[in-house]
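Presented sequentially are two complexes of subunit A, the first with subunit B as partner and the second with subunit C.
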Partner chain A sequence: MEKKEYKKIVDKYTPKEPRLKNALIAFLIGGFMGILGNFLIDAYSYYFDLSSKDASVFMIITLVFIGCFLTCLGFFDKWVNFAKCGLIVPITGFAHACQSAALEYRKEGLVTGIGANMFKLAGSVIIFGVVSAYLFGLLRLFVMGG
Partner chain B sequence: MTYFNAFIFCGLVCLLGQIILDNTKLTPGHVTTIFVVVGAFLDVFNIYDKFVLWAGGGALVPITSFGHLLIHGAMDTVNNFGVMGLFMGMFDLTSSGIVAAIVFSFILALIFQPKD
Partner chain C sequence: MTFKYNNVYINETSTVVGPYEAKGPLSKLFDKSYDDFYFGQKTWEQAEIKSIIDSVDILLNKLNIKNTKVDVHIGGDLLNQLVATNYASSKIGVPLIGIYSACSISTLGILLASNMIEANQIKNAIVTASSHNNGAEKQFRNPVEYGGPKKEYTTFTTTGCASCYLSNKPSNIRVESATLGTVTDNGITDVFNMGAVMAPSAAKVINDHLKDTNRTLDYYDLVLTGDLGVIGKMILKEYIKKEYQINLKNYDDSACMIFDLENQPVYKGGSGPACLPLVTFSHIFDKMKKGKLNKILLVATGALMNTSMCNQHLSIPSISHAISLEVVK
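Up next, the complex of A and B:
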């Protein structure tokens, strides 16, 4: 069979994603994650008497914990399937990637399983983030003077 | 008002990610990686700081803030140590998120069994 014909048939039977619905859900859920983040910052800075910068660190730790814990309980995979980018793009997606890799490779042992594979999915975020931040930092330092 | 701005900003970032995800063959890993690089890029011109002022926590929740905080920490030490500061301060501000992810993932993976 020709490659073109094959591609046509594949395209025909690939399930169509309801793009508008997905986009709307991602917008709403993502927006609520933003509200939750802002609420946590306000709550921490009010109850623990922190500056908003320190409170944002507390907020990130809280969201990471929520993401990890709900992944362990099994809810989060279903929610990610439903909300897609609404939960992947916030920091909970990073926690979810770490946690699901750790859970999946746990049976291969502590060192060769969890230790070697925890950043299998989330590692690219750190690596590309660090490399790009380094290059942009050089740019800022030498071209724009810090 | 900050809450409304947080909703709009975080929602728009997620919407953008979803549009990229639906209309291209990129995986969620690609989308988050692109967003980190974009966040770092926006901080070159101090644009992301304005987003943080405008949207508060809404700008700190998406993964773009990860790139923004990486370069922000690096530039803080650059002021004291020059070029070498780029290596020293990179993780100053983001360490909390990474350490939390590692510690919680490890401990919880020991306690829980994977669910299918």
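Up next, the complex of A and C:
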């Protein structure tokens, strides 16, 4: 049987991913994360008398901590599975990716285990984050005039 | 390639399972189960080693023989360099043949052992097949705690080890023949759709077996595939009909039997080298001993997946091996 013909049989029985539903869940939960983040910025700047720039750093630290902490408690993966990209794309996802890899390899030593594997998933985020920051920086310098 | 046997019997079996299988529908039929994924060990890999040692211990205890009386141990698992089997073997102390054919290790192991017993090279052998859900996830996918969204049609690797003892001494279950599988590749690249990867190799080995033995499927009371899952099972039925004009009847898939698919979070069924032998040595042998099944064809299905090759956008090949078992009256 030709591969194309076989693929037809496979496609017939393989359920389609409910993309619209997944996108909606991610939108709502991701949006909620945004609201939570903004609330934290407002709260920090109001109660601790911080500038909104400083308050946003504290907001990031808080969310990263919560993400890592819940990963360690062992149920953040179930939330991620439910929330689809709603929890992976925000900063909590980055923390969770590092933390879950660190947990997985912790028995293989500090350097050879945690050190070498912690950025197994998150490494690409850093690399492409830096590359795109550089490109946008250039764009801003040359097109928008700095 | 089909081998016929006159003198090979499965004398005893043993099964050790993890937490999900222990909560599944076959829980009462397993010899030993653990409540968590660590089995009292520090890591998942060590837990898998423990499951193999436990399983062989139980097997030898049931037979009341010592390890020195066993001629050969044939075994395999999913971990790189077969670490689980190799490390367990250092404790088991029986000459080892480590084999890898992904989730079709169990039937390949029984085939190899039967060939050697039939040829009078050895008197007996133990065959083990093990897998560990978290160990496999760690090796083949993302970190377990990451829990990135999975496709709903994926399968869930079983945790545990199944062993059997084969010899030339008659017992109530005989290995009648075995067919060695051929690697197939039908262009599937989706790592979540292992059923689709493996169905063509299962179909091929079933067809080869029937041709070589001049049989039709009516000969068998049950054809049991390894770990195609709910989706792969449907794909196999249609594919084997179109490609080989075989109507699958009296057919089931062990991936759909080991877990409670309605109430356990296991997607579309089980998978892993341990899946088929765990179901066979518990549920199916129970039925054979009660006289409900006489002749069965076991087809363990293996997806020969490798993350590097998947990243190179190559499709996933697959292999399946078949063994025919019958009740001795």
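Definition applied: the second predicted complex is superposed on the first by the 141 of 146 C-alpha atoms of A that agree within 3 Å, B and C clash if a C-alpha of one lies under 4 Å from a C-alpha of the other, contacts with A are read in each partner's own complex, and residues count from 1 in each chain.
Throughout what follows, a contact is a pair of C-beta atoms (placed from the backbone, for glycine too) under 8 Å apart; a residue touches a chain by one contact, two chains touch by 3 or more.
No experiment lies behind these values; they were computed from the predicted model shown.
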{"item": "Touched partner set for A:Leu103, first subunit B, second subunit C, both or neither", "value": "both"}
{"item": "Touching partner for A:Tyr6 - first (subunit B), second (subunit C), both, neither", "value": "second"}
{"item": "First (subunit B), second (subunit C), both or neither touched by A:Cys68", "value": "first"}
{"item": "Which of subunit B and subunit C A:Leu121 touches, first, second, both or neither", "value": "both"}
{"item": "Partner chain in contact with A:Pro15 - subunit B first, subunit C second, else both or neither", "value": "second"}
{"item": "Subunit A: partner with more touched residues, subunit B or subunit C", "value": "B"}
{"item": "Touching partner for A:Pro90 - first (subunit B), second (subunit C), both, neither", "value": "first"}
{"item": "Touched partner set for A:Lys78, first subunit B, second subunit C, both or neither", "value": "second"}
{"item": "Residues of subunit A that lie at the interface with subunit B and also at the interface with subunit C", "value": "17, 22, 74, 84-85, 88, 97, 99, 101, 103-104, 121"}
{"item": "Touching residues (chain side subunit B, partner subunit A) in the complex", "value": "2-3, 6-15, 17-19, 21-23, 28-29, 31-33, 35-37, 39-41, 43-44, 55-63, 65-67, 70-71, 74-75, 78-79, 83, 86, 90, 93, 96-98, 100-102, 104-106, 108-115"}
{"item": "Touching residues on subunit A, where the partner in the complex is subunit B", "value": "17, 19, 22-23, 26-42, 52, 56-57, 59-61, 63-65, 68-69, 72-74, 84-86, 88-91, 93-95, 97-99, 101-104, 106, 114, 118, 121-122, 124-126, 128-130, 132-134, 136-141, 144, 146"}
{"item": "Subunit C to subunit A touching residues, read off their complex", "value": "42-43, 138, 142-153, 186-188, 193, 196, 200, 231, 234-235, 238-239, 242-243"}
{"item": "Residue ranges of subunit A in contact with subunit C within the complex", "value": "1, 3, 6-7, 9-10, 12-15, 17, 22, 71, 74, 76-78, 80-81, 84-85, 88, 96-97, 99-101, 103-104, 107, 120-121"}
